[in-house]
Amino acid sequence: MALVLKRREIPIAIFAVVSLLLLADYFTGAWPDVAKETIGWAIILWMFSYVLGVTSLFRYHLTRIQKRSQYWAYSVVLIVCVFVYLLSGLLGGVGGFSGIPASKAFNDFLWLNVLAPLQTGILSYVGFYMYTIFFRGARTRSWDVGIMMIVTIILMLNVAPVGMALWEGFGPLGDWFKDVINTGSYRGIMIGVGVGLIAVWVRAMLGYERAFLGELSRGAE
Amino acid sequence: MGERVALGTFPLTDRLVFLVFIILVAIPILSPIGLPIPVTDATKKSFKLMDSLKSGDILVMCFEQDMGTFYSGAPPDEAGLRHAFTLAKQRGVKVILFGTSSAGCKVYIDAILMDTKPYWEPLRYGEDWVNFGWLPGFETAMAGFARDVQGTCKVDVYGKRVEEIPMMRGIKTLSDVTGIWYSTNTNPDMLPRQWSPLEYKGLKWTICQTLFASVPWIMPYVDKGSITGYVADQRGAGEYEMLLGKLGMGATFMDAQSLGHLYGIALIVMANVHYLYTRSKTSKSKEEK
Amino acid sequence: MYLKGFELFVFAALCLLVYLGIERAKRKPPEVRPFPALEHIDEAVGRAAEMGRPVHFSTGLGGLHDEWAPVTTAGLAIMGEVAKACGKYRVPMRYTTVLSYLVPIAEDLIKFGYDTAGHVELYNPDMVVYTGEEQRAMMSAMMGYIMREKPAVNMLFGATKYETINFLGTGAIAGCMQFGGTPRLYYLPVMMVTCDYCLLGEEVYAAGAAVTKEPSQLGSIKGIDHFKIFVLGWMIVSLILALAGLDWFGKLIKM
Amino acid sequence: MEWYIAVIEAVMMLFAWSLLYRENPFYRLGEHLCIGLYLGFTLHMGIDVLLKRVFVPLATGKGTTGLVMATILGLLFYTRYVKPAAFLGRWSTGVLMGVGSGVAVMGAIKPMIVGQLEQGSWFAPGMKGFNNFVMTVATASTIAYFLFTYKPVGWLRHAATVGRVFLMACFGVTLGTFLLSNIGFPIGMLMKLVVPPGVYVSLLAVAVMAFDVVSGRKRPATS
């Protein structure tokens, strides 16, 4: 019995049943409630799975502390932060229960004045690295990259207000690239992406694509 | 290019690129240059839509942002909010504020309200405007709001029940709302899906405030009319402020943006000139050999 | 109740073509154009072995519970292959994720990969690093890691969002050899200019199959191509009909 | 705002930005603070949602069959820690993947495939007809570029080349429009860092950096 249950066909069958159910509802509108409930499951399951990740993270950092690996002190900071934030949050109120206002205020302080600037700072690298990309990557190694760079410059002048002030034509020219070339090419990419996505689904249904079960795909073992 | 010159573990040229950028951007922040901001038709249209609100009209402003996206969202949102509150004072337009995407929405709304304090201070809370903070559920909450306003907005940020808020009386569904200002980062497709003026009779228009990069994405919806107008990012904010006649955060951003873009172009050109120069040099030395 | 007739027809046709492609390939394997990004994985890992530095892999922010499930699966399939190569050259690898349910999957997959290559003793559960469920946390962890450890190879296959720029930008500065692939249009140009080899758009999905080199998997790619030919034919015929003033297809689509 | 809060915010921002200069203890501290606090936040939210959606309804007898099943499936994840039953966790993964790919396929058929099949007329008045023509060519040639199993010979090679040109132009458009939203973040942060009290923290950071540059000259370049 246990051997039968261990077979990989079972999770694949579960996957197939769930996705077919959603699709059947999509095409016919037969069971909207069931479909909605199932989508809600994914969120609940995801939240339950947090424990897996947190265990892995704690094991990683606790081993570092235990072994006194390089930079182990930062692992201590990390673990302390988790507990400080979590405890102040829980004491401040959770799940519709109200808690201690002071704890809530401290929690808000951590969120708003410590974490918010920190995470915006991390996110702002998307701006800085755009220049790294222009500077390091934007070399016309071939004619097609050349086309890309010319269009990029036109669009940058279209987007920045100063471009329109330099030459009014950048407005309509950039808009034409955006509305016509981009839309047309994007359509082609979209169709391809949609088709490819469904093909992965079919392969997974047939049991070829098994990476989501933690196994190498069929043919790669 | 950056490989040869190194300081510590970090190539020097990269640091130089960042440093020049920081200096370039800091200049207009310290003393605004006042580079020209041409107003596009899209922003003009959105401004006119907002300006068409009359006494007793309901404006819903939904902010799907958090503090992480403050700097791209806040300039246009604050411009819109200023306009809305001005209209509320002058003509008696009623404004409803909330967000649905994450708990960060509430904090974000508090932050932009802080910046627009002079505009809402003379207004009566609960009669001219109301803030519901975060209505959890994202798209579900949006769908819920469209069909059952009272059931979705149960309590406001101060814990007041919706039945006790005078201005909320008589607002049952989305058809009772005149206009929508929907501010989002990368999920503009929720708006036409849930709150389309084509579907709800009373809803006259929707304005989508979104990232500049998301504009191509919403264009098909704008063409079909399921989104009426849009305001894009900080650039839209600068233009909107021009129309409002009072420059603010958006205009400063625009100076910095203009310089930033010119700098980007200069870098592309420089990188290519350097690349072509070194390539011709290496091919020449090969020929000599 | 309603029936989305035309959509169902298109969907069924596509599934059927992919299925037939797979069945036919069992008899006659199709020729698939090589994907440089996949061909060079082995070489890149070999280079990492020479340099004595690790390989870093990530599938980005997309997971299995949302609409990015297929591309994450394809990314994980590629990771299996990378793990195999790492086992072959005895190179340590590291996988960073923000989704907790991917942790056991990745652990199994990497272990499986090392095992297939015959070096399961090199596998270590610390190879999978979970950074909490938030994008910014993942960004900071990956940037710090790349700058500190300087992995020789940096790979990002999956549904990636803003972290693409942070991840590949840091990699470019640290001098890593970079591989990337995503179906998300926003980040394709970024990958195009920062990666040594990249998979554009739908190539990621096809790569999930092509990486195995198994005929039936390749057959599915043939099926996709047949469908795309069908789409091209559709476009041409509908244009001809439109010239003749007939709008049959326009009506059909709305069915 | 209180001045010390502004200072803390500026310090946090500069922690994050210090990687622009190089890998350093400040960034490491910021990195681990960020991961730790975010994890605390995630766990708080997770507990909050699970309490509201699962445990409170179950405890008060309002749980539906679906909720009980979801709870059981969620708990199955934890069989990973019990070797003999570890395989049960895959069943939950199967459900997750089922929902995810179901949603993905649902979202792909209409907007990605069927919706894109509609073509504008080539003979529309004015520029519109020409634009529609260009769009059709762009779409068709892009599809031709992505044909994997056909040898690129003859007309297909030309079509694929045209497709690549359009693809590159499309990438250029995306890259060009991308900069505006992206550099908005650093610009916004600089607005806080170049005015008091943030500017004092920035000056301090510059001083630390200058000291490092001066003392760094004597160090080997690999530190």
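Each chain carries a letter (A, B, C and D) given by its place in the written order, and its residues are counted from 1.
Simple rule for what comes next: a contact is a pair of C-beta atoms (placed from the backbone, for glycine too) under 8 Å apart; a residue touches a chain by one contact, two chains touch by 3 or more.
This structure is a prediction, so every number in the text was calculated from the model and none was measured.
Colleague: If I average the CA coordinates per chain, which chain comes out farthest from chain D?
Modeller: If we average the C-alpha coordinates per chain, B ends up farthest from chain D.
Colleague: Please tell me whether A-C or A-B has the greater number of C-beta pairs in contact.
Modeller: The comparison resolves to A-C.
Colleague: So, what's the distance in Å between the C-alpha centres of chain C and chain A?
Modeller: 14
Colleague: Between chain B and chain D, what is the separation of their C-alpha centroids in Å?
Modeller: From the centre of chain B to the centre of chain D is 19 Å.
Colleague: For chain B versus chain C, what separation do you get between their C-alpha means, in angstrom?
Modeller: 32
Colleague: Among the residues of chain D, which ones contact at least 2 other chains?
Modeller: 16, 19-20, 22-23, 28, 30-31, 34-35, 38-39, 41-42, 77, 80, 92-93, 96-97, 99-101, 103-105, 109, 113, 136, 139-140, 143, 146, 167, 170-175, 177-180, 182-189
Colleague: Quick check: what residues of chain B touch more than one other chain, meaning two or more?
Modeller: 2, 9-10, 14, 18, 21, 68, 70-71, 212-213, 215-216, 235, 257, 260-261, 264, in rising order.
Colleague: Multi-chain contacts in chain A: which residues touch at least two other chains?
Modeller: 23, 26, 42-43, 45-46, 49-52, 54, 57, 111, 116, 119-120, 122-123, 125-126, 128, 130, 132, 136, 138, 145, 148-149, 152-153, 156, 159-160, 178-179, 182-183, 186, 189, 191-193, 195, 197-198, 200-201, 204, 212-214
Colleague: If you look only at chain A, which of its residues touch chain C in the complex?
Modeller: 23, 26-30, 42-43, 45-46, 49-54, 56-57, 59-60, 63, 119, 122-123, 125-126, 128-130, 132-133, 136-138, 145, 148, 152, 186, 189, 191-193, 195-204, 206, 208-209, 211-221
Colleague: Quick check on the complex: what are the chain C residues that touch chain B?
Modeller: 136, 147, 150, 161, 173, 175, 186
Colleague: Please output the residues of chain A touching chain D within their complex, sorted ascending.
Modeller: Interface residues on chain A, with respect to chain D: 2, 5-6, 8, 10-23, 26, 37-52, 54-55, 57, 71, 74-75, 77-86, 89-90, 94-96, 110-111, 113-128, 130, 144-145, 147-156, 158-160, 174, 176-195, 197-198, 200-201, 204, 212-214.
Colleague: Which residues of chain B touch chain A in the complex?
Modeller: Residues 1-2, 13-14, 17-18, 21, 35-38, 40, 67-68, 70-71, 107, 212, 215-216, 219, 235, 238, 254, 257-265, 267-268, 270-272, 275-276.
Colleague: Show which residues of chain C lie in contact with chain A when the two form their complex.
Modeller: Residues in contact with chain A: 1-4, 7-8, 11, 14-15, 18-19, 22, 63-66, 69-74, 76-77, 79-81, 84, 97, 99-101, 103-109, 112-113, 116, 125-126, 128-134, 136-137, 139-140, 143, 162, 165-166, 168-170, 172-173, 183, 185, 189-190, 192-194, 201-202, 204-206, 208-209, 211-217, 220-221, 223-224, 227-228, 231.
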